[in-house]
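Letters A, B and C name the chains as they come in the text, with residue numbers starting at 1 for each one.
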């Protein structure tokens, strides 16, 4: 990262994929067709449209992708709505990478992995999952439990079906909240499904999704016999600078943008519950 | 003063213990004498810190917007100027009157903390309302020199309450309320622009004036709304702080009771009340003398239409 | 040691400003703030405190960052950060000087904030001892000696004269260029400093106990029920944060101009309800939570990350300026320890 932390570079949207009714995945490169910068799984970038605003997004694509970056973005605020309405060829600004990312090279190495995601929560996990696939020999068995409101709300469904399910020692468990025509998979909420599948406790778990899902899934994991030290999650907070100076994402003595967004559950216990 | 405070305290304790009210909105002692703060008291014990003296300048009425949404009835002490804001808030349906027990209290003017500091006053030896001189490190000041601007021109009366606690007659104001407005009106446009440019360029957009203003009760202010296109925390150009204050003055025109809180709280001492007072003067001239908050039911001149309404061009030409 | 008669001090201002831009306390429309020295300004060196602190000079309330040119789908980025010329900052009190150390810990930490650093590097600070500290002053609690503010040059007013003592190479260099100054005697300054120290000892808040504010008490302090009462009257305005010399939260915003978009950063306040608001959630919904954040940050979170250094310098501006007289002293007295 340069010293010019707050000054972005120009990026171009070269592909827009509609994943679900309210999630689109944007491919971004620099005007000369390169990746804007290198990153680690779980790290984020600031995207902005001048005049509309700047916002932090987790980088969905894996660092092992050498050609471009992807961002899966749910339409919910100012910047995201604008992005959803734009077309291929649109320029944006981009700066980063920000945050600590997942400890893929340290704590995760050699471990059996359990990924649990709800809705758009798959976006940051996709980066890790594909990183694990690219370095398959460094990690053990991988279980993925992913749930969404409906079949149509499952992000990256195609990649899950065609690639993840065929990966060696990958077990993918999908669930949707309510019965739906054309769906013959599991129906029910993620926390209950996690208990139902009865995943062995030797896994390192990563949780990502809406706060309520995280709360109940953590409970389910603890009931299964997991320790808090085995469970990781990512926090979401409003951010402006991305480098721990603007003060916005300060919770306790941590800055989510710099010390997070990835936290271990036992670390979160030492923080005020203001997230 | 001491006596007034004792009577108020007795009243608060009685109403609390009888269950007539569950809370008391008043003022609480600070650490330095002058740093008195508005407070909600819930027990006889908490009333140990209750205070009523020359530093109780803060207008309590706006707190009732939130407080009357809660369970139970609340006792509020209202100085004459606070009462006008209170009435105006009742009129605008911001306060639930059924949940308030009002006690009007005598006021002979409150001290301006900034004027204390400016004069290097550290110790105020006498808080007494009846005493005109405040002894400070041997130096004498008349109360008129150090009261809030709003108090030196105050013509407000005690209005209609559940009860009144008052011992002495209120003194008449020292000055004409419109003196400075008239002075500004007599300036040339350039002089007036220079005056406001100087004053408003000190604005730090802290929003104290807006947040304290009993007429500013929008749930979401347009200046806080990112979608409005004019939301901004700082002045991105020098014209912006002028617009903020002018728009705010327009928004409270006809509803501003001239309680003077905007000027009392401005950290840069900008005489913001002059903008509102200009409107009040114009309304008086165009529609007949009108005091917002004098009652809880009448229609304000700017929200009512009558065939007798004057056309501004009749007054200003054009 | 150099000196000048106060009656002659305009000459000194003129001489300094002929060498470099000079910023000093100036009274305008009834309020004293740091401003550029120019002909006709009303210099107010005797007021103890400016309304806005001296942080304004390094971290201005509003500061341009980028000019964007937008045409169709294209965006062009032009760096709009201003260049800093060397300048002299005159009349900085001990508390504000200490605040620079606090701000340095934020802005000079990697990645270095270039907008802040360029101004910090460009400054020569002339401090001014506080002859008459006020009842709202409690800088001593945070290790500040108002009699001895260690700037590049330290100035002390003794009677009708001002004395100057260089403390850094930068200070010596500037002082050596100033011909309006004459040689002065140290003795007068020493006795004035002693007198100031005695006055400080008599201030009401000089012995505030901070011993509870430790990282290991973070969760306990956060959960204290007193926050509710302490924050009750808070209006949610930003006065305390904007007059505070150490508050450094900022926002980054875009402003549409006639021919593009200007991105600027500006002061922000954790007291504002919008501060942490996201599209769907706001983690700090109540004013109590926001109030608690401000003081926990200054007294607990910041020290936990910075070797015990507090993010308050005891200047007392919040004591004087809070519309409803809430302030950090009340928080310290309630939660700090034996107060």
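Definition applied: a contact is a pair of C-beta atoms (placed from the backbone, for glycine too) under 8 Å apart; a residue touches a chain by one contact, two chains touch by 3 or more.
The model shown is predicted, which means the values in this text are computed figures rather than measured ones.
> Taking each chain's centre as the mean of its C-alpha atoms, give the chain farthest from chain A.
The most distant chain relative to chain A turns out to be B.
> Can you identify the chain nearest the overall CA centroid, using each chain's own CA centroid?
C
> Rounded to the nearest whole Å, what is the centre-to-centre distance of chain A and chain C, using the mean of the C-alpha atoms as each centre?
Spacing between the chain centres: roughly 40 Å.
> Between chain A and chain B, what is the separation of their C-alpha centroids in Å?
51
> Centroid from C-alpha atoms only, then distance chain B to chain C, rounded to Å. What do you get?
That gives a centre separation of 30 Å.
> Where in chain B do residues touch at least two different other chains?
Residues 226 of chain B each touch two or more of the other chains.
> Can you list the residues of chain A that touch 2 or more other chains?
Each of 53, 78 in chain A touches at least two other chains.
> Residues of chain C touching 2+ other chains?
Residues 251, 268.
> With touch defined as at the start, can you tell me which chain A residues reach chain C in the complex?
Against chain C, the touching part of chain A is residues 1-10, 50-54, 76-78, 80, 86-87, 89-93, 211, 236-238, 240-241, 243-253, 270, 272, 274-275.
> Per the contact definition, I'd like the list of chain C residues that touch chain B in the complex.
Residues of chain C touching chain B: 28-31, 33, 51-52, 61-62, 132, 134-136, 204-205, 229, 232-233, 235-239, 241-243, 251, 253, 255, 262, 264, 266-269, 272-274, 319-321, 323-327, 329-330, 333.
> Hey, which residues of chain B end up touching chain C in the complex?
Result: residues 30-32, 34-40, 58, 63, 113-114, 117, 120, 122, 198-199, 201-202, 204-208, 210-212, 224, 226, 232-237, 261, 264-265, 267-270 of chain B touch chain C.
> Hey, which residues of chain C end up touching chain A in the complex?
Listed in rising order, the residues of chain C that touch chain A are 65-66, 68, 70, 73-77, 79, 81, 106-107, 109, 111-114, 215, 218-219, 222, 248-252, 254, 256, 260-261, 263, 265, 268, 270, 275-281, 283-284, 289, 293, 296-297, 300-302, 304-305.
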